[in-house]
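A quick write-up on the structure given underneath.
As written, the chain order gives the labels A, B, C and D, with residue 1 at the start of each chain.
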Amino acid sequence: MTDQPPAYRAHPFDDDKLREECGVFGVLGVADAANFVALGLHALQHRGQEAGGIVTYDAERGFNSARRFGYVRDTFTSADVMQTLPGSLGIGHVRYSTSGSKGPAQIRDVQPFFGEFSMGGAAIAHNGNITNAQALRRELIERGSIFQSSSDTECIIHLMARSLQKGIPERMEDALRRVEGAFSIVAMTRTKLIGVRDPLGVRPLVLGRVGDGWVLSSETCALDIIGAELVREIDPGEMVVITEEHGVESLRPFRPVRPRFCIFEHVYFSRPDSIIGGRSVYETRRQIGVELAREAPVEADLVCPVPDSGTPAAIGFSQESGIPYAMGIVRNQYMGRTFIEPTEQIRNMGVRLKLNVNRALIRGKRVILVDDSVVRGTTSRKIKEMILDAGAAEVHFRIASPPTSWPCFYGVDTPQREKLLAASMSEEEMRSHLAVDSLRFISLDGLYRAVGEPQGRDAGTPQYCDACFSGEYPVEPSDMIEQGFTLKAAE
Amino acid sequence: MTDQPPAYRAHPFDDDKLREECGVFGVLGVADAANFVALGLHALQHRGQEAGGIVTYDAERGFNSARRFGYVRDTFTSADVMQTLPGSLGIGHVRYSTSGSKGPAQIRDVQPFFGEFSMGGAAIAHNGNITNAQALRRELIERGSIFQSSSDTECIIHLMARSLQKGIPERMEDALRRVEGAFSIVAMTRTKLIGVRDPLGVRPLVLGRVGDGWVLSSETCALDIIGAELVREIDPGEMVVITEEHGVESLRPFRPVRPRFCIFEHVYFSRPDSIIGGRSVYETRRQIGVELAREAPVEADLVCPVPDSGTPAAIGFSQESGIPYAMGIVRNQYMGRTFIEPTEQIRNMGVRLKLNVNRALIRGKRVILVDDSVVRGTTSRKIKEMILDAGAAEVHFRIASPPTSWPCFYGVDTPQREKLLAASMSEEEMRSHLAVDSLRFISLDGLYRAVGEPQGRDAGTPQYCDACFSGEYPVEPSDMIEQGFTLKAAE
Amino acid sequence: MTDQPPAYRAHPFDDDKLREECGVFGVLGVADAANFVALGLHALQHRGQEAGGIVTYDAERGFNSARRFGYVRDTFTSADVMQTLPGSLGIGHVRYSTSGSKGPAQIRDVQPFFGEFSMGGAAIAHNGNITNAQALRRELIERGSIFQSSSDTECIIHLMARSLQKGIPERMEDALRRVEGAFSIVAMTRTKLIGVRDPLGVRPLVLGRVGDGWVLSSETCALDIIGAELVREIDPGEMVVITEEHGVESLRPFRPVRPRFCIFEHVYFSRPDSIIGGRSVYETRRQIGVELAREAPVEADLVCPVPDSGTPAAIGFSQESGIPYAMGIVRNQYMGRTFIEPTEQIRNMGVRLKLNVNRALIRGKRVILVDDSVVRGTTSRKIKEMILDAGAAEVHFRIASPPTSWPCFYGVDTPQREKLLAASMSEEEMRSHLAVDSLRFISLDGLYRAVGEPQGRDAGTPQYCDACFSGEYPVEPSDMIEQGFTLKAAE
Amino acid sequence: MTDQPPAYRAHPFDDDKLREECGVFGVLGVADAANFVALGLHALQHRGQEAGGIVTYDAERGFNSARRFGYVRDTFTSADVMQTLPGSLGIGHVRYSTSGSKGPAQIRDVQPFFGEFSMGGAAIAHNGNITNAQALRRELIERGSIFQSSSDTECIIHLMARSLQKGIPERMEDALRRVEGAFSIVAMTRTKLIGVRDPLGVRPLVLGRVGDGWVLSSETCALDIIGAELVREIDPGEMVVITEEHGVESLRPFRPVRPRFCIFEHVYFSRPDSIIGGRSVYETRRQIGVELAREAPVEADLVCPVPDSGTPAAIGFSQESGIPYAMGIVRNQYMGRTFIEPTEQIRNMGVRLKLNVNRALIRGKRVILVDDSVVRGTTSRKIKEMILDAGAAEVHFRIASPPTSWPCFYGVDTPQREKLLAASMSEEEMRSHLAVDSLRFISLDGLYRAVGEPQGRDAGTPQYCDACFSGEYPVEPSDMIEQGFTLKAAE
């Protein structure tokens, strides 16, 4: 059923990037937990801009929830909203969009989701994607469950409701053992803050400490904003159950497998000031630029980043190559969700609303443009035209990731395979299509070296999930196969 | 769980009336059904002002739904909303508030409710109240159902989801046989419009025809607004299943009992231009005034209605007594939901914002005030003071219903028994409490005569549900008894 | 210049009535004056529903103002707004629309208007219409004044700014001596509350007392709502200057003429519970019904008012004729400004959204319909059709005012002359046009008798302004003549 | 008078910068001019974020205007608004705040301003500040002008209204000869687009061509967004009157003086991709970094910009010094106007909501922080603390402008002199106050060299207005002196 949505439309730009679909955050043992959650979600806003939600628990008022479309800074900062979210325990979620939803965004698809069980209530927030959600949903409806959302995450609540276990953490274990795919989950009961990562650990989740309280977050940048200390990353396949009395209890509900963290978190999704595996994401990206300059050098006058995501790799490329770094393209900082009902005229202006070329700087120069990735190639093409219009002598693209030729089914919004430029073209074909002087992607081994694997990729069992580049899916995307998706092996 | 609600608050006035909680409407076989439903709900707005919802079905877009707080005239008239509701089959609901809800109003409590079953979806809208809802809810949660609202009506959807029957009408029969209390239901599948009344027929439901289409409505006034013809009332205990191919199929899923229609629909709930049992509600109310003038005559100069609900009875009283009818109290027509955040100063002004005495008319006169009912007595007291302030010589209250001394549990919002003035005071005590020259209520037999029972009330099995006056509940209010309510028999 | 207006549109209904364009209110010497002004404006809402404004003065914060589209109950009741309006002196205004404005409503046309002069500021609110505003405006622009609104009232501010007098009341006298037409004005400086009526006293203005404070209001009903006592009416041609120190000072700045109060205030504009000339407006209207029954009797079964404005005359008609009074037409109380973006389908439903016939009551009856006036005749025609559709045997219209055949230029919104049914048809032609069994208007002499002139109308110098009936304009409408309007004498 | 404002509050951050107060834009001779104006204003949004306005002229509908609080991207992009602004001629304005306004922002202070004169209407938009506005206002009020805003710009309209000249351009000349201070004005009549710069040319204004149409804009970046070509800068003291028939007519209404362009436009106000005097603003800022590295070298491990305004100078500093450039501080890109009603807790978090330190990068390093300016010093202090908290070994501040020790009175929002850190402290005192290892500002001569004056500053008559650094005001700030401001000479 399609509910008539609020007056909100996602913006039509930035559609030429892969997009992380969610960020999760939770805190236990601090006064006014909702304020901490709002700040944490604000720091995680890059992981989902469409909507956000917060649930808290307070002995007097029970569970409280607020879910809103729009940015956290606009929706979870007024006293009006925050006063409705009392308590010292809370979790939150930001999302870009949920799997399977067609048509306009629906408030009932906004997490955290809540379920009332006979032993009490629980709320859960999920980053990732359940690859057998459709099959589970069919089965649950046949048994008499009523679904309220189009989200894959709701399956978990219904599986928990039907579990024969007594306690909520036990029911969650039961439910997650039926679930396939990627999940980093933050959940809560009246007294417990719970965190879980799937056995492969595809999506990130970290544990922090703030005063006497505990924090769970998708990334460390959200610990910084509230002044929390990073304790450690939650392990792949680990479940932590945190209470004020007993602190952190660690469980291992799943059969152990070799972890496969998403390598694209390094390339684009995570914030540059977050720390993954003890290392700054910014530094990793700069190192990608260094590798790229070694693999694909070219003579030129300037190295310019495609703002903002190409910046660290461009700095690394400049430092390794000795070619001066310059801001040849300037981003309009007032571009946001914006120009939501553009006229045809405005729509045709494309990227010009967001980016402007520094004409006086570019004129007559040989320019290296460093970007993080090429998805459809539409933005790359427009940027190339802007640079040439401004009088550049040569344009060389250097891309800080390998060709993106397969969709992601683990919580990232990717176009269908046909829409991916690299799915049907070789590097040279892409260069010719974009009509640039040269185009080079970093190699898969080069990327592995930059993220800290000096031997490169282990072709047997790769150290990361790199399905978007390699087509090797660590978990079979069974719903998608049912819908007709063809695996690489079967091609 | 309490969801942070939209910026809406029910107004603090009119709190001294019993309030019908819902109106239902449905239509099949007309183009743009949603427009008809919106008009029908607008005509039924007096049955529920807090919120409204519409569901339609369209082959291309499936089920569509819109739910809003506020008046139909404000929420279901913009092209924006109505365009999201295509199709030739639709149902709708207006509500005052749902049973059991504490705290602020929640959009997820707004009907119609929708459930996706393995054989397809169904939406239902319910007027009445399920008296064993809490027990059913507990049972369903234990079996693994996830409730999304605090409404008693949601039990029906979950009972349907777990039924072993194949078809949706059959599952609804199954579900309703487990349900106790009062229900007039309008429901729909992809092809069927369904209407049901509980075996006692406590709440009204009528069948109409518009062009080649069919209509179900709480009252006939909603047929008039769309130019539909009244076909007949749905019988107590009847279920009608209407399709475009086969028209109206009538079923009798319940064991037959003697009907007990709510007598207060005649006194206050229904609109004066509706027809019940072949007779104008206005005419019945005028007849109550005639009976009252016979039972409780008094010498006076003017008969004034308490606007607007006392008007028909005041006209009848004037005609029977020969005392001139006059508009001694004038209602401010711009009072609506209004003054939603009044200052303390305004709050203390009480009824003056809504009503004003016609001072030049009242001065020195002996005035008979005719009102429909006395609930808490707070409004009566203020009106009496206004009349005396304006210089009336005498004030005589005549009430067009018997003393309201018991709460209703069948879909009417009544205060707790302690708050009902008549629960603890005799007629003379109330007169003295209100400090008026005389106060008389119509007798229960007088009321039965006025509604068309020349022999008065059948004390054995009364012809109507009159529990609010008599304390004789035709269905045991089991949830309330569990919460400590004491039946009259047990006092 | 047309400013892009807020999302507001006047509703398309009730367009078949003359409409008072403004109500004014002011108070001096009470704490939180703005609350009193808001309540007063709420009581005067029937005089203008489009927009309202309040100005207050407070020693610390100076002059403060808030102007809003919509009903007072929605716009001037939140703490947010009211806290911005401190002080013990304030004035307010409600309006329907201003003279001369074409296109969408503009917030800058909403009164009170404010001017900063060298000796301090002043705010004014105006009920009426300046008939030489265009000529004044042209003259002022040529001298270098910058107009901000399209309102005739702004001329007064500019005339005051250019006066050679020292004090603000003196400048206002200067300005008003240049102004022709109808004006009842409430104005304020930092310390003074000022009231003025034009020499003919076309529009009403009354003085009241609340505690130690003073009140000015268009009607007495706004004194009642705040618990103020009526002191007296402001005389035609009188200016009162009220201060906390010296109370009320009365001035006579204009040459005296015989007053010509607007007789239509009795017929329709004023609220029935207001008092004019010591007499209840309701009682006057009832008396019009009595006169009408004497002038134009007819045999029938029921006397039904066209709600709500025909009610008092219908009561009088019933009492004089002995034919029973009945509510044959019921008004939907949830109709307000409403259905603002109706679909074509809804638009065609015409009056049915607002009114419904009590079918069970009307069937087979001879019905007398009493209405206050006939303007375009469009509503009368639809009501007649509804009554006949419901099965009435005969329909007789009785109208509580003479035929409206001339536009008003003194602060009332009337259609152009061509649109007035009575401008081109005789009574019999109108009857035939409406296709009713009989149609009768009260005579002009009958109306004068009912408002308390036993000898009827003084044909030499009538006691009232009755230009809308007689075409005799007490002040020449010079702007309109310039635009091509032809006076009766010149026809 | 204070009008109750809309629900908008300027955000409390970024309060430690000087702020340009306005941007202006106009276009003639293109279809749907309003779309071009909206895009131009979007590109100029950095010059004013509080509000914006657009006026257009269309033969059929006359002048049309829309004024809104908030970003252009949110307010001037919906079809709703843009459809109300037809025509091929339009001007627009974005503003931060107007001179003299205390209390909440008022829509009537939002430009363009409009005046109806006897020969037709005109609209004007102004960047700059009139230094004798108070004296002019007093004089005009005494003569009978009514001011509607608190803006200095309104004086120009009133002076024009009282001019004895016939044509609007001539009246504007008349008015501007009475005005002192800085002004870059874009104005329009029904057929003319007009641009003027004050004799000193303090604020920028450029002329461009788009198709057959003409454009005026504060900066060239707004030409780029609509695909217009830069024709030339408007000269100091020049007035251009542009019509479709005759193109650009150039007038010189003022006595010529040596120009004094605002040097701070180079340092901070203008966008890095704009071109001033044939040179990229980015390149000038990079050059400032180069000069700074020469003037104030220091041994360190990293050069980090304070984002975003310190970036170009940091790149230059790194290139000149050979010390690696790094993103040690990361800006939250979702910070905008944001967190408008922060709780106390959030308010205390200060800059952390906007900026985060890249902890893994900074730890143990000697860090050079490059910022564009130091105003109050509050932000510098917080940034230093964040850097030290993250474990930096040393912190060295390098500032790309001389010490800001005097307020600007020519259209820039500066704190009162007492609040400027450099007004009362020497460089060493500031270093000690900020508790950093070293702090160096670029010299005034170094800044002049970087902007292209190889000989440095001409002490006799400086080539730029640098009053904020030098205290030498090229136009006497007479209103401020009247209010007690003491000139440097008089200290």
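The working rule: a residue touches a chain if its C-beta (ideal position, glycine included) is under 8 Å from a C-beta of that chain, and two chains touch if they have at least 3 such contacts.
These numbers come from a predicted model, not from an experiment.
Between chain B and chain D, the least number of touch steps comes to 2. Chain centres were defined as the mean of their Cα atoms; on that basis the chain farthest from chain D turns out to be B.
Averaging Cα coordinates per chain places chain A and chain D 37 Å apart.
With centres defined as mean CA coordinates, chain B is found 50 Å away from chain A.
Chain C has its Cα centroid 62 Å from the Cα centroid of chain A.
In chain C, the residues that reach two or more other chains under the touch definition are 80.
Every residue of chain B that touches chain C in the complex is listed here, in rising order: 32, 35, 39, 42-43, 45-46, 49, 71-74, 77-80, 82, 221, 224-225, 227, 271-273, 275, 278-280, 282-283, 286, 308, 311-312, 315, 319, 324-327, 330, 332-336, 338-343, 345-346, 349, 352-353, 356-361.
Interface of chain C with chain D (complex): residues 1-4, 7, 55, 61-67, 80-81, 84-85, 107-108, 114-118, 121, 123, 138, 141-148, 157-158, 161-162.
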